[in-house]
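First the structure, which I've put down as structure tokens, then a few questions once you've had a look.
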Amino acid sequence: MRNKIKSKYDLLRQQIYIIIYGANTFWGKLFDLSLLVVILLSLILITLESMPRYDSLHHHFFVVAEWVITVFFTVEYILRILCNKRPLNYIFSFWGIVDLLALLPMYLSFFIPTSKVLIVFRSLRLLRLFAILDLMPVLGQQYHLKLALKASRNKILVFVYFIIVLSIVLGTLMYLVEGPEHGYKDIPTSIYWCIVTMTTVGYGDISPHTALGQAIASFIMIMGYGIIAVPTGIVTAEYANANKQNPELEEHRICPRCTTFIYNQDANYCHNCGEKLS
Amino acid sequence: MRNKIKSKYDLLRQQIYIIIYGANTFWGKLFDLSLLVVILLSLILITLESMPRYDSLHHHFFVVAEWVITVFFTVEYILRILCNKRPLNYIFSFWGIVDLLALLPMYLSFFIPTSKVLIVFRSLRLLRLFAILDLMPVLGQQYHLKLALKASRNKILVFVYFIIVLSIVLGTLMYLVEGPEHGYKDIPTSIYWCIVTMTTVGYGDISPHTALGQAIASFIMIMGYGIIAVPTGIVTAEYANANKQNPELEEHRICPRCTTFIYNQDANYCHNCGEKLS
Amino acid sequence: MRNKIKSKYDLLRQQIYIIIYGANTFWGKLFDLSLLVVILLSLILITLESMPRYDSLHHHFFVVAEWVITVFFTVEYILRILCNKRPLNYIFSFWGIVDLLALLPMYLSFFIPTSKVLIVFRSLRLLRLFAILDLMPVLGQQYHLKLALKASRNKILVFVYFIIVLSIVLGTLMYLVEGPEHGYKDIPTSIYWCIVTMTTVGYGDISPHTALGQAIASFIMIMGYGIIAVPTGIVTAEYANANKQNPELEEHRICPRCTTFIYNQDANYCHNCGEKLS
Amino acid sequence: MRNKIKSKYDLLRQQIYIIIYGANTFWGKLFDLSLLVVILLSLILITLESMPRYDSLHHHFFVVAEWVITVFFTVEYILRILCNKRPLNYIFSFWGIVDLLALLPMYLSFFIPTSKVLIVFRSLRLLRLFAILDLMPVLGQQYHLKLALKASRNKILVFVYFIIVLSIVLGTLMYLVEGPEHGYKDIPTSIYWCIVTMTTVGYGDISPHTALGQAIASFIMIMGYGIIAVPTGIVTAEYANANKQNPELEEHRICPRCTTFIYNQDANYCHNCGEKLS
């Protein structure tokens, strides 16, 4: 008897799982679409609330709408926990934390009113759009890019580390040369200025005024201008490489359940979730 | 009898078509050249009118000159409609709307005087220069570029989408960190700032003032600096690919009537408009 | 008798030619070195004169030094004319005009005192350093680069033309959207702003203030950020191509007289000036 | 007898050498780690001292901590001199000077109190982190990058020289066009502005105000935007080349003593220091 109930519950759980995580069934597509719409609506809401002009006019409507969205997100969050075989895995995963951050501030605002500003974390849910839209045909074309980015990740990290060390060394030097009287008020600010300069952003909120400072800044700029060639060169070469070596990878399949790439042409089951492949 | 008139009219229409759309006959070349000159003149006119110094001196001359150009554009527009076999196709095409926008504001200004400022849409006609100048030898060299851009379009779009999502997430974060008192007056403004920073433009009209804000900004800058490598890598690899795979495509022909590329070496007729090829 | 004088004069002219244009003899090297030093000195002089701090102290010394350099440049200019077989070719060449511009302002300042500021054209002589230093071993490594730049020149020009047209269209649009009250005071200024934005320079002297203006600006920035991929892709692919196709070109010779590249391995005489090659 | 003492001293020196310069033994790793921690601590200390908020509160603690670190650095410096077979080589090497600069300002501050600000040179020690972290697995992936950078160094230098000459020529031109009344106060400042513009940094502390100045600036920007393609193209092509030609180089070994790359697969001894290789 109990077994029967459990099996019934299991069946329901599996069906919810397919709706929430899959995108091949009608209800799965509808769920993805509604989620997309609600996420976008919640962002428009937060944006309008941040503009005093609109907030003063429609404050009450905004509060109600926000609670409706919060309830929707809460139901979705609970369903995601329930239908997962390993709920803890989901709760402590990146997506689990993002989903929680999207609804927690509203509930917390009962106790700590100021915590409501944390609702802007809801924008992180926008990242789900990648997962939702990932299933469109454009994905096939992203694969080589992913391969290239994976191959160049370590090199890019070494490069970023190099830029940071260089910025610290040159930032402290500029602090010495220009000093607090020209806007380089402490070493962290000088390092910030150096990153602004080296990445060619150049706000101009701080800029060198002494001849020596301008000479060093010129040197930093030309160096930064040359350095940009390095990550570009790495990604380009790796991308061309990925393009060349794995032309057959274009014809991969995607697991309908967990959306993992299936590269093995002869696979009958998904290597990730064990779903039977057609 | 009617048939004869129609056939006469057809002949005239075809001749006008060849003059307006073709560039191989003497009159076709003359038309293209005059159009080019008139478009440039109209732009110089609009530019001078926008400068109070000149407008106050020669206002009446400018008004007359603008009407002369408007009449020229109107005649051209009517001829383009008449000589087309499917006039509606032209009217609702991109070029048809651009051509209409170039003359409509002047006529509208009789009823709504303020609409005259919309004359700046005339600058869109400048895009015609691509079509006019397209027939020069330089075009052959653009072909591989077009192929590469077409191949990388989807990837670039995914990338642009990624930048926009990232800007929204990081923009709302900065709104939280810096707040309206440091210039991040609402979320749209913060997102605008984030795009300004990530693309390394860096106006400096808004810039972070808190230590945490500067740290996040530094992170955004280094990320933006690394991200620029991605579209470059894609275009480069695709361009090198197009260069490699289709070396024989350099020797394409161009239809003298509709300027379509003819890749089939044995073609006797244009595959687009059916024009006989020499 | 006259023949003999002429032949003597010819010999002298040839010797001067070798000293001035060649760099293989001791006197040729010495001449190049002195020219390099004098050009650098004249630039330091102009720079110091532009700084009121130094000019007020040593004004008389600066005037004398400038006349000494002008006399040197005048003698050099006359020698260059005399030793050339076709003096007019030199006078109306790019270098001839640059050399004249370097000395003319000083003589003109007798009649028009304000013309002395034109002496800054002397900085153009700095370009001669490329010619002088061209003969160093680094040149061999520049060759593939030159080939790649030549191959991509037309495509880059089409691209620059595209950026300019786009800047005019988007600049006039922004003039309409933002208007003179936000710094976009006329259409040329708006176009200038658009180029500043699209090239990711971003001075911030003019920046959008309306929501629509900021949205269009964001679009321009992302587009400009993507567009930068195009010239990079072209140059990279062409450079890789030049590297691949002509590995043997590294072993070229250089004509000792006119410094032209000699690619033909069997050549006995320079194909440009007819100098016998060793 | 003396021989024995000398040999004992030699053994000690060698052991210290292995600890300081090697990273394969337990003590060697511990030394590297402590050095890393002390360098980071000293930087945090300097940073906090530069911020008046913290310096006013904990000034005495900071002074004591700085002396502790200085003593540590002094001991390390003396050990490095002692354990080297050729101490003078170390003292006058780049690292020797950096290590000296990190401790000298503190001792000098006894005689010249103002010299203490020179302590910021300590940030140069951060470069040691490259050497310390170099031994991690990421290094193998840096090798092709190093090869590509070495191959493109000369070309990049020619390119940097080209940018500098261009900046001088265009900077003096802008000084003439805009003049001191628009912020271009002397020629060095104009050259600085030109580098700021050409590298697309664009602070906006100086910006053109005349129509001609803005036109020239637009030209410089578009040129700078195109020029960035050149170093990127060079590095990319060279990197792709290095990747292609030397795939087997990934499997190099590293000398445990001097951390030189060992490319020869059959080598039994390090070609640099003669250390026996396993």
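A, B, C and D label the chains in the order they appear, each numbered from 1.
In this section, a residue touches a chain if its C-beta (ideal position, glycine included) is under 8 Å from a C-beta of that chain, and two chains touch if they have at least 3 such contacts.
In UniProt terms the chains read A, B, C, D = Ion transporter.
Owing to the predicted nature of the structure, the values given are computational and were not obtained by experimental measurement.
Peer 1: At the chain C/chain D interface, shared numbers over all numbers used: above half (same) or below half (different)?
Peer 2: different
Peer 1: In terms of C-beta pairs in contact, which of B-C and A-C ranks higher?
Peer 2: Greater number of contacting C-beta pairs: B-C.
Peer 1: Would you mind pulling out the distance in Å between where the CA atoms of chain A average out and where those of chain C do?
Peer 2: Taking the average C-alpha coordinate of chain A and of chain C, the gap between them is 46 Å.
Peer 1: Could you grab the centroid distance between chain B and chain C? Build each centroid from C-alpha atoms only and quote it in angstrom.
Peer 2: Chain centroid spacing, chain B to chain C, equals 33 Å.
Peer 1: Among the residues of chain B, which are close enough to touch at least two other chains?
Peer 2: 188, 200-204, 228, 232, 234, 236, 240
Peer 1: Can you list the residues on chain C that touch chain B in the complex?
Peer 2: Going through chain C, the ones touching chain B are 154-155, 157-158, 161-162, 165, 168-169, 171-173, 175-176, 186-188, 197, 200-204, 207, 211, 214-215, 217-218, 221-222, 224-226, 228-230, 232-234, 236-237, 240-241.
Peer 1: Please output the residues of chain B touching chain C within their complex, sorted ascending.
Peer 2: Touch residues, chain B against chain C: 43, 46-47, 50-52, 117-118, 120, 123-124, 126-127, 129-130, 133, 138, 141-142, 145, 148-149, 156, 159-160, 163-164, 188-189, 191-192, 195-196, 199-205, 228, 231-232, 234-236, 238-240, 243.
Peer 1: For a test of understanding, state which residues of chain C touch chain A in their complex under the given definition.
Peer 2: Listed in rising order, the residues of chain C that touch chain A are 200-204, 232, 236.
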